[in-house]
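Here you go, one structure.
We just call them A, B, C, D and E in the order they show up, numbering each chain from 1.
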């Protein structure tokens, strides 16, 4: 059973269903590739199926770092075979296929399982998330991406190919750090346009408040809610790895992870600041509405309070009483006009003194 | 003493009453059944009363997993007999019959007592809760459901009957996990329609704000309040079981419970997100009202400020002064009409420049 | 120095005054009584003064549970004598007479001192508190009630007299639990009418919002504030007793106290839910006001914008220009009426299209 | 460099300045006095300068409790000499002269340093603070008050002089407790008038909301903010002393400090309650404004919607069309008046049905 | 890749980039200087490049305190050489050049790395931050300032030159404390004008509320947000140094750091108070708008409800019915005027009774 609708899409199993069931993602394939390297050698290959990969691994199993990447969740059988081969826990594989997991680290006997949610912005206030899963043991590192469209690890791969930096001299844990760091840093290009949009929105709210702004503000809040919901546990994930005591993370890599942890805190800081600002922007909007109401009312009141009394006066001299002496006075009409002019002037002066004009 | 009224229904004992008193739920019966199984055997039976059950147990007491289920709280005597037979604590039985217990785990000498609240939605913003109690020791697992109408454990039973998965090869703790998992996962189908309703409501608030929306929003908040009040301690319940050291929970089951704990955190996440959104929706509503007020005022102001001065002018020439030269001018009337037209045009231009039109 | 005024009444000592000063409550007496029992015997007596009590105690001092009850704070001398006889700490006695103490447990060498605040509701949004103090050692239990009017321990006493349950077979700690439980459970009958009042208020806010509702809402908040201020530390009191290691609380009673702790948490839950609801109700009120303003404005705007232009037209034909051809047309008058009717119809259609009617 | 302005006055050193610099308070002197006592003897003296004090101390140095009091921060040299004589830390002395210190306890090798802020209310919503510093070792207790105007320790001194209670039989720690208790209890007479003012303000907000109320509410919030900022750390100060393990605080005094800790918690409770109430009062004000707007609008709308249509009708019969048959009818005029009356009555009935009247 | 825009400027690396990359700040140079001293000697010099510095260090390496200062981030090569010479971690150097680091302490094998953000105010509600980095080991202390314009350490240098206080008799840790203290104390001159601006703004909000105030309030909130975001971790930095156990911080300096910690708490206190006030100011603004709306509406309503009925009356006697007896009455006209006067007076009295005038 599955459901798609709105932002809080959640794929979930029927209550009471067998745990650790793997559901294939329909309409998707799954591409399998491997990168093996040490300081001197570098091999990069694609495989049609799991058997071809295992055969290659049997041929070459050495001390090289071995990174297996799966793109797309369409082939449940492939995942099951990888699970059996590398001894991955069935519940972890279920989390991989569900792809709505909260970021977390699970520690199993001889490997760690890391789930992360990678944000993708679309320039407006929409944010989508792609799940990236990572199994990582003494002799292998497996990454599984939900969506084959985006290639977020290409920069890391390019770095390994070119053998720049000291990347290729280190072990699986350093590679895992590199991938984790790529995911964490991916929040920044998503947050950057949000920051710019916030400034535009602030401007619009002060100058041209409209219900459209309100809609955008709500979308912004929703986006920040989603980002926060995934960035907060990501922070915990990195922290858990820094303090991990399974022996899979070396002391040297720990220093790099600490740096990555700093980044994740900074991301949380920015998100929280944006949330604070968005609350303050709501206040701006409400007050802008109030100011506008005031302005409209002021115009109405000024016009009405000037002309309603005058209209009364002209009404008086429109009455048909027989005996109205003013009507026959020599300068009755101009006098009447003058009185009304004086009244209007007085009113205007009064409004000016009240700063309504 | 008992009381039913509103959402926060609470059955409670008179202050100072004897503790551990069992009160029967009026107008209800209680159905007693048992399932016994191991990897090879499977037995499922219903019993008319406790004695029949105990007799059957005396005949077959072996190493099989033995799950006793009671549906309905109408038969206090049955509960008391089960309590005596299995050594359940009287206070725990009182909690079972009160059926308004906060989710919790109590650890007794040789068994654990788990209380949970199972949510039932009705498609709108109403949520009801049914108490599910669970006693679980080395040789037995007893579940007691408040409401015989819903059969939430049917999926688990079906799985056991069909012998799919590795369910039947494991002990009482794995069965307890399965039942707990069913309860936790039951929040999702309740939250899903809420999520859809929230989106509809957001739309309505932006386009057609009405006091009816406000009512729905309040109902939504109330539903989220109730869900949160029961989901939060449920999370603690699962966590307590993960960290339980009584020896009743095996290491293997612990991994599954950890997965269940993740689910409960995700449920809390969704609830909290909905709460945040509902706060933001309140803001939308208030601002929509403000925008509407502005719009209405604008129409009033535009019409008034255009016609009130014109009405004044026509009033002037309706006066009955003897000596009003304009009245006798050749083109007095058309000139007057033209002046008023020009005035109205000027006003309209002014309002357009202010973006009021 | 003393002061009574408003809700936050506080009796307090002049800053820098001698600590442990006992101030008598004016206009009050103090009734002294004792209950002694074990599984077989039961004795209940009143005493005119402390000496009579001490004499009786000298005669019979055995292993029975001995519960001494003082009702009213008028007789400071009596308290002082009890203090000397049973070795109670002077600061504890000061707390008893001040009667504005935050609920707490103090552990002294050979006895525990428990202060609680018992709520009394008056059906509306007023809540009052009465202080109940409890000293409890190996050989005695002393309760001191501030207000002799209410007899909250009568239910416990009746239970002891009738020898129902296993109450009389247990020690001082179980009796203390029973009294504590009576106080904790006393919050429920106070909260129940509040819950009903909240529902009535919600209804009123949606249908007939008025400043009177606002006043009631504020009173409700104040009542919840007071209840929370006394329920929160009460929860800590019970928890402290559960975890108490003085040897005065037996393991068996601890299980009962844990149950009492659950109740206190549930009470906090209800109070917090009510607080959340009351915040949401404030929003309902504000939005109801906004909706009402809109409605009023709509009526004004519809009537004004229909009739103001029409009034202008009739004003035009009320002008006294010599040369107004329309006035002399054959069907001038009916044509004018028809034009105005058409205008009014058009306006109405426009408002209907805007859903203002 | 120093600065005085607004509520958040802060005397501060230029960034990068030498630490532990003592700045004299201009325009102030400093009065030096000493009280020495044990159970039998009591000596109270004033000294012109530090040397005279030290000389007296050399003469009599015994086991008596020795309390040295300095009033006013004008004489930096005096403080420096005391510092050298009793081995006080220069940073502590800097804190004394800055007199804007957050309440805290600092533990040095052989003495404790306590800073507190003593509130002074002025009956309205203004609160000022005076710093009271307290050095306290095995053989001395030094108090330094910022402001010689107020004599908050007079009550303690009077108690010592009269030898009431067991004050004079105890050591420096008990005296320190007494002084601390005097400071803590000093919050109550400041909070009391605030409580009364809150009730008056609530009344005013419901009945006669005005911008003046708003100003007062803001001042109230500011006062509570200041009180909270100084009461919160004070609570921690007392707690730190209760748990202090330097050997300077005896077990017996600890019980009294625990009592003082309870008072500080109660003070925090009251402050927090007032803060909650003030938030709720803001809501009352905003809703009162809304109610008032509604009321005004209702009057306007009722009057306008009744008279605008009537004015239209009379305008119709004021038109000058040649051929208006109604004008010549026998009962045209009374009929017209009757129609208008009926219309007005209908309107009034409609408004009454809408509860606008 | 770099980005500058708005307040939340963040320089960041492309996701997946090589860690520990140093990016030069374009258009900047870097000035290198050194101060060496002990109690007797003092040397202050500038160097053209790193080699000259290292040569000088080789000549004189003794037990003196050696403080190396770099102003400006333009010369990445210089930083790299210093890094190699003193064994600084590449990730720390990356943090230095990024210059958007959250304040933190990193502990490496033989040195500590401290990053701080120094605030600069511009008198209005704009706050900018400059990163100050500090490496500090047994034999060296290196400070790196982002912006060569401001010389915040000049006061410390002047103190060292003049040999006032005991500054020159202490080690690297005391110097580090001095610099840290200068940064922490730098928040006060930034907060001071904010405090004054808040008071002005409060005044303006109560008396002349305008959308400009709203803009300023939002800017204020933004400034406080930024200050808080950098002051909060700064507090943690100082605390981490107080509790540091690397042996680099002596027990004596720890006491001074504790003082610095107090300052940082006080700064947080002030910031939080300002935040609380700014929230309350938002309420003032909204209520001011409401009050203004009320006032405007009151004027409109009073004028309208007085003149609209009068206009109706004069309209009645402007009708052209043949048979209107009042028109021919002797005192018809004055009577009509008197009736209207009475009506107007009655209205005014009514409004006065409602306190609308």
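Following the convention adopted for this analysis, contacts are C-beta pairs under 8 Å (C-beta built on N, C-alpha and C of every residue); 3 or more make two chains touch, one makes a residue touch a chain.
Quick caveat: nothing in here was measured; it's all calculated off a predicted structure.
> What chains do chain B and chain E have as common neighbours?
Chains in contact with chain B as well as chain E: A.
> Could you work out the angle of the rotation that brings the CA atoms of chain D onto the matching CA atoms of chain E, rounded to the nearest 5 degrees?
C-alpha superposition angle, chain D on chain E: 70 degrees.
> Taking the mean of the C-alpha atoms as each chain's centre, how many Å separate chain A from chain C?
That gives a centre separation of 43 Å.
> Between chain C and chain D, what is the gap in Å from one C-alpha centre to the other?
26
> Listing for chain E: what residues touch at least two other chains?
As it turns out, chain E has residues touching two or more other chains at 286, 290, 293, 297, 300, 304, 308, 311, 315, 318-320, 324.
> Connecting every touching chain pair, does the picture come out as line, ring, star, complete or other?
ring
> Which residues of chain A touch chain B once you look at their complex with the stated criterion?
By the definition above, chain A touches chain B via 3, 5-6, 8, 10, 12-20, 89, 91, 94-95, 100-102, 104, 106, 208, 210-211, 214-215, 218, 221-222, 225-226, 229, 282, 285-286, 289-290, 292-293, 296-297, 299-300, 303-304, 307-308, 310-311, 314-315, 317-320, 324, 326-328, 330, 332-333, 336-337.
> How about chain B: which of its residues touch chain A in the complex?
Going by the criterion above, the answer is residues 152-156, 159, 164-165, 167, 178, 181-183, 185-186, 188-189, 192, 195-196, 198-199, 202, 206, 255-256, 258-259, 262, 265-266, 269-270, 273-274, 276-277, 280-281, 283-284, 286-288, 290-291, 293-294, 297-298, 300-301, 304-305, 308-309, 311-312, 315-316, 318-324, 355-356.
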